[in-house]
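Right after this note come the structures.
Both of the next two complexes hold subunit A, though its partner changes from subunit B to subunit C.
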Partner chain A sequence: MSGYRLKSGGRIDRSKPLNFTFDGRAMQGFAGDTLSSAILANGVGTIGRSFKYHRPRGIYAAGIEDPNAMLEVVDGHGREPGLRAGQVHLVEGLQARSVTGWPSPQFDLVSAATRLMSPFMTAGFYYKTLKWPNWSWYEEAVRKAAGFGAPDGTVDGRQREYRHASCDVLVIGAGPAGLAAVSSLKGSGRDVVLVDHASSAGGALRWEAAQIDGSEGMIWADKVVADCQADGGQVLLNTFVTGAYEGNYFTLIESLVDHRGLKAERIWKLRAREIIMATGAVDRPLVYQNNDRPGTFLSTSVRQFISEYGVAPGKRLAIFTNNDSGYLTALQAAAAGMATPVVIDTRSAPSAAHVEAAREKGIEVFVQSQVADVVGGRGLRAVRVVDQAGKIRTVSCDAIALTGGATPMIHLAAHRGAKPIYDEASASFVCATLPKGWHGAGAATGSRELADVLAQGHAAGQAIVATVNSAPVANVALGMGDVVPMWQAKTGSAKKMFVDLQNDVKASDVQLAAQENYISAEHLKRYSTLGMGTDQGRTSNINGLAIMAAATGREVAKVGTTTFRPPYTATRMGAIAHHRQNDGFAPRRRMPAHSDHASNGAQFEDFGWQRPDWYTKNGSDREAAVGIEMTAVRTGVGVFDASPLGKVEVVGPDARVFINKFYVSNLATLKPGRIRYSVMCHDDGIIFDDGVVACVDDNFFLAGPTSGNAETVGAWFERWRQTEWPDMAVAIAPVTSNWAAIALAGPKARDLLARLSPDFDISGEGFAHMHFREGTIGGVPARAARVSFTGELQYEIAVPARYGQALMQAALSEGADLGAVPVGMEAWLRLRLEKGYLHLGADTNGRTTPLDIGMGGVVMKKAADFIGKRALSLPYNASEGREELVGLKPVDAPIKIGGRILADGYAQIPCPSIGNVTSACDSPLAGNIAMALIEGGSKRMGEKVKIYAEGKITEAEVCSPVFVDPQNERLHA
Partner chain B sequence: MMLTAVSPMGIAIGKSAALPAITVVEAQERSDIGAVLIVTTRDGGGFAETLSKALGCTLPLTHGDVLQTVDKRAIWLTPRSWIILCAPDDEADLVAAINKAFPDREANASRFSDALAWLTLDGEAAENLLRQGSFLSFEPLGFPIGHGKRTPLAGIPAIILRESEARWTIGVERSRAQYFCTWLAGLTNSFEAAQ
Partner chain C sequence: MIVLNCPYCGQDRHEEELTYGGEAEIIRPLEPEEASDELWTEYLYFRTNPKGTHHEQWCCSGGCGQWFKVARDTVSHDILEVVTFDKRLSA
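After this line comes the complex of A and B, so read on.
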């Protein structure tokens, strides 16, 4: 194969030469070239090796449908490890490199090995073979062999921008159909956004010879675009619509290119009232023996290379077709001066006009013929053509153009759930029904002739709003014609017929999948990797599905398609990340005393908020520090930042009745200044949150949901108030962020609190366990609750958040001689485990009810209704054998969190489970301890159970979950 | 003992302070803004008159409305709630005044000065910065001067007030203030903003 630059033609700017390199070789292109066209113009044949068999591969298509042209690209703004060459605008100084083949794609040593191995590397071979003795034996080598380059871990210099927008009409595709729609909407007053991935509008008009409304196609296109802009419309070029979502919400990625390369990307999030899907189609290749040799091209791409970029893909071009469009390629090639010896047509009766036009140019036409094989290893040298009678002729050529029909680009409608159906007329999958507000037009609907395409585009515009604009009129010399499908050549070995070039899936692989009963489209995809490449199977899926249909005796329509998912085309992670790097990556929540924690060596973990897990100030490693923090709480005083704990004010004359409907405990009797612990359920009786509720006064309750549920519980209250109890005189004020909360826990907590200048009585009698006070501490407004999560004497002090840092500092400095240390989350959670207190989400799961955690008595005693009450009264929820929360003590080895409790009578896995370890730790006071949810747990006290964790089976004894101070003497101190 | 206050960004308390990391506009942390959250147990319109008397400012009753007096701004939040912006030192008095006017807490005022961190962005580029993180229209027609909106911004809940053509005051939850400022500062590199 030897592509070259044509002496004239194309839409490139020949006055602006651009220097670039490919695999270190200096080359030249022109402004307006893509990397594909420039590489082709420089005569490069092999640009890489195939994924599995390391076969040589060349440029195959002009756009994103090319399964071969994945290259590493370095421009003036950054480096990308795997870009599709047809997507890259050529700029001065650009460097492109192959990412497959070693030491080079032309001389690839791996290919020799894969040639020997290829008979064994059939579809699914990795599933069958790479599991013995262990996948990890192969993983490194497979990972090395797979993929297209690797990111270098550096941040590129590209800029990112977000835009949010809405419009009346989104026209996707600025080809003839989309432009006809825009033309139809002219003067309608509709706010139109026209989007196309190319750098200029026109679609196929950029390379097809056509007259519209008496003008050359591109002149008409430019006028429509100018009119649209004059009308207030927005035209986004170099922009892909990457996803379509609910509510006609779309994501778009706009590329902004300067003289150094891709300077910036802009992500649009756009919502549209009406959508015109004019996304076009791509050529479908034909499947025959060795149809992957460099020099093989999609037919439309050949026309595009010639007429848009002024590049001839080879010196002698053969065309293999099953429709009239192949003749258009032959005629364009001949007009450009390429030798075009033959059109190989599978049909018996092609269009007489097309045949005659070809023969007038000296092009031979073989009807009822197919390509049986090709000559040439690293590049095409000839094709062997077999006719109906079995006669084989060899035709010398260094390039071949393939067209087996067209594949409509229906991805976006399919993202929205539109079901593709097989259309016999166009021999392709189209969406018969579109989502609400969508209008299909052009090749995306299976249309092939320009007149039809324009009429459809116009009709789509008129369906949105009737205008006086008339439909554009096309004038083309020769049409595209109907497609007579040929899914697989009759002659040749299926083991050499490539269906999916990116993933090296052959016709024989599809047939093997059928033999092994992977006959659904989804199974076929996963078993053979058909269509799983970054090209999303644009050129391969339909052929693969049709071959599957033939192999299973079904119609293509019955095989169906796989699921289309966003993004429509490969999207840079950087574009999604926007400019958010490091701390700006995600919304992190910081506690008011964050900087103080940091200065104490806090090791932060994200618990919804950035919270100290442990402090290096307390120990050089986690276990040492946690041990010191726990000991401080048990023997002196620990200072814990509890600011994220929820704070939801429930106020009004009906506040008491209202809040009593949410918790399983009876809050109707809670007196002002008192606190009660409880859990709340969803209406299915499953525990949803736990926490304490303080009665501030008769019309004011302060709910304290868990940190992770603070917002959710506030919204839960509001939802029920609005939907079920709108007549209740109650209001909800979520105020979590307004208050910083610092907990003082330990036998010396009262002494420490006294030093912080409270203006209220904090004696044991004056401020007893489960009491609440308002006043001042440290001279500022404060709310204090005497509650305990640790089992110790404990106060939780809330002050306005601006004072949180000062309160934390004061507690540690004033308590220094009392042994006060900052306490992190890990120690805090272990302390509650020692006491047997529940950690929501760890010790509960999506099945746990209050009855399962020992609150059955509380539930039974509550006469008033509450959310979940009815569900808890159902027999299932009270049945024996439910998982109940119990304690565990090890018998022979430490208990591991997450361990499975083996069913009675089993000593080995596999076996049924009767529960799992929900929490476990090493306690300075109680040794290794754990909690577990075990079926019928409360009736198993003293029983031994076997636990499987981390590959080992150990034994533990079921016990009470309270390991420290079962008499509650400490917390009542 | 007297605890000392620190602003959300750890700068000065009680006055506005420049945020130099945000370069394309003039950005300030506004710890001179205090707030009170008012909620009512029934439709807010029925309480507006009494509340207005207790507060000394009129409460708006329409979505997006912000009513301003010399020392207060009342922001319509929902049909049953408002945020009153005031001097931080006035917060306690306003809470006391409302709760005195409604002893049964049919309407209730909560301290809210520390729930939100307020920033002011001033400059032509401010609109583009906001557009990066919100789907709202910031055109004068969609977001008139003197209006306020509660909306997700940069992935977090926010209250946005338009004070003039190019001046915006934004309230975000205090715990997310650092993130929000980092997000804004990061936009300094944004393609359009840098133009």
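After this line comes the complex of A and C, so read on.
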């Protein structure tokens, strides 16, 4: 086939030629072209190979409904591995490439091989071969054959942004229906947003011959748009409405194109009171033998190529139709100066006016005829036409236009749950009822004639608000006519009739699915992959369903459609994830002393806060630095920034009763100035947080949840206060960020604290382990807790956040001669592992209860109810053999975190597992150590277990998790 | 995307400003130790999951921080009723 640029016509700007390449060949188009129209104008036939059978395929349609035109596109702003060519605006220097076919779509090596394997990959191929004989025999070939391009891992230069908006009326589609609605609302005072995916308004008026209100269709369209904007309306072109959600909430993606290509994408989240769904329709193709050859087009797209882009899709056109609109295509082709086309009409009695008009132009019309087959492989050369009597004639042509009726674009209403119903009159699925506030108009409702479309659009506007505006009046010479369905040609092999061109699903595959009883629409889709491509089955679904109906002796209405889900069309992940990368991913939370950490060479990691993992000041590599930091804590003093540690104040006469309901330990007896460690559960008995609680006084408790749960625990307290105990006299104040906290840990911690000028007694007796003091340090208010995460003498000093940096600086400078060093998270976590303290979320999981971590005694001692208590005596929580937290020492090789513990009696995998390694590290004092959750762990002390990790099986011994200072002598120093 | 009018602060709150808290009017037995395993399991895990009117807990977490109750149609997402937490839903 041989498309070419017509001498005149189209809405392109012929004064602005644009150079681009396709598969390396230099080509030229014009401003206003899409990549599809430009490629077609350059005579390209084959643009790719099909998914399963590697058959040559060409441009098929002008818009996103094209199942074939998936191309890799490089423009001035970036590269995209697979775009629909009809959606790409041509720009200077654009490079497009085929993404299917190797070494080139014209000469495809795989094609020959797959042709031999043709029975392979019929319907149910994936279902069947995953079961038998062996998926792995096929996997490599299938993976090689599959897909439409691959990302290259580079980040493009496109900009993205979000915008939130609302409006009174959202008009989706700026074709005649949508524009009639907009003009109906003119002067109503309603805030209107008009959206269209094309770069100019008008919809089908851009290519159809029509007059409205006495002027040319596009002149009317431009005036409606100008009036709308003058009225304060917003017109979003190059914009897809991608999803419709409850509350009439919509997502839109607006493309902003400059002379170099797609510069930016703007994602809108728009809420509207009323919606005009004027989303139009696309042509439905006809199914016949070899209906996938390059040179095959949707009929309306041919009119669009001719009249919008000035491109003839071939030298001589055949039109295969079951309705009057095919004649419009023939007449446009003749009027554009193409060779006289031919019409093949399935009907016995076409519209006399249309036939007359065609014959006047010398167009030959075959009635009651069908296409039986085509001649030509990579390029169409002729079609074989079979008439009612079975007589076959060969008609030469190099392009064929198909229309089997129209498929209304009902996706958005269906996203909201509107049920598609088969409408006999238009032979299509439409939504009989629309969501609240929605008004349908135009081809999206199954309407075919312009007069009806305009009347519906006008009525939709009037339904929202009555105005004095009158309905636009259409004047068209020839209409679209009714559709007489023809779902599958009566002559030809179903094995060569393609229903879904993108996924290579044939009529025979649908029939095979029927034979194998995959007869529901949803089963058919999954079994055959019908409609599962990036075109979302726009051209294939209805034909497939109708062929299924015929194969099972049902009416089309009874087969129904599959579920429509957002997005309406393929959407770049970048548009959604937009700026959520690097620093745009989430705000970085910095601790008050951040700059000091940075100047000490902190290697920051994000733990919800930017926290030092280790410091280059302490060592040139991580292991060296961590070793020095751990040794400082064990032998001198380490300074750790604990600012993110949770701080929740619970205040009021009922504070003690209230907080006692949350922790597993008995806080009823906790004296003022004292601290207790405990864990907290959800009501199902599963541990959800751990930490210390200080009793400041009888009306004031200070909870210290883990850093990661700081906000969650505050909200948890508050929720129970509001919803379960609203009569308790208690107030909750999450104050985590109000206070900075520095921990001093190590045998010299007391010496260092003394140098920081506390105004209270810090002697071993005056300020013992698990005591709490309020006072001043260095003259600023301070809350000091003697608690330990490291097993050493340790103080945690909280000061108002604005003094946090000064405290950090003072601790390091005053402690310099004591060997004070800053300590990062890694050293801190290894120190606690040496001591056998659990790390919440690492050493506990979604099944771990207090009983599983050795707190059974604590639970037993508490008489009062607490959240989670009752669940601990439910049979599955109280049962034997649960996973319990224990220590592990290596026998033959270092223990790896995440390793699976092999069940008793097994020496090899695969085998059942009885637990996993939850923490592991190398300790300067204790060597390689680990903790693990193991079934019945507390009864396994001294047992040897086998661990599978990273492909190896090693052995370890179960032990107490306390590896350093089991007598707590350091703690109480 | 749901919009709820918070019965405490009176503002329309968008789904992103709200926190969902599961089914409403789940009673925590007052005497947990007296409750049978069946009753406690029922309280912990069993929910009605209706197709149609569902009673729900929501929190105005991006606003005033209060928990309240909502009757919502799980098919249409229509909001049928919103009440403060001390009230029972009638829808």
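Please note the rule applied: the second predicted complex is superposed on the first by the 504 of 973 C-alpha atoms of A that agree within 3 Å, B and C clash if a C-alpha of one lies under 4 Å from a C-alpha of the other, contacts with A are read in each partner's own complex, and residues count from 1 in each chain.
Quick note on the criterion: contacts are C-beta pairs under 8 Å (C-beta built on N, C-alpha and C of every residue); 3 or more make two chains touch, one makes a residue touch a chain.
For clarity, every value in this text was computed on a predicted model and none was experimentally measured.
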{"item": "Which superposed partner A:865 touches (first subunit B, second subunit C, both, neither)", "value": "second"}
{"item": "Contacts of A:781 with subunit B and subunit C, given as first, second, both or neither", "value": "first"}
{"item": "Partner chain in contact with A:754 - subunit B first, subunit C second, else both or neither", "value": "neither"}
{"item": "First, second, both or neither for A:392, with subunit B first and subunit C second", "value": "neither"}
{"item": "Contacts of A:719 with subunit B and subunit C, given as first, second, both or neither", "value": "second"}
{"item": "Of subunit C and subunit B, partner touching more subunit A residues", "value": "B"}
{"item": "Intersection of subunit A interface sets (partners subunit B, subunit C)", "value": "269, 271"}
{"item": "Contacting residues of subunit A [partner subunit C, same complex]", "value": "245-247, 249, 269, 271, 417, 436, 683-684, 715, 718-719, 722-724, 726, 865, 869-871, 874-875"}
{"item": "Subunit B-facing residues of subunit A, complex", "value": "159-164, 166, 256, 263-264, 266, 269, 271, 578-581, 583-584, 586-592, 594-595, 609, 644, 649, 651-655, 699-700, 728-733, 735-740, 755-757, 777-781, 799-807, 810, 814"}
{"item": "Subunit A-facing residues of subunit C, complex", "value": "1-3, 21, 28, 32-33, 35, 37, 40-41, 44-45, 57, 59, 61, 65-67, 75-78, 85-86"}
{"item": "Residue ranges of subunit B touching subunit A (in the complex, touch as defined)", "value": "1-8, 10, 13, 31, 37, 39-42, 80-81, 92, 104-108, 110-116, 131-137, 154-156, 173-179, 182-183, 185-187, 189-192, 194"}
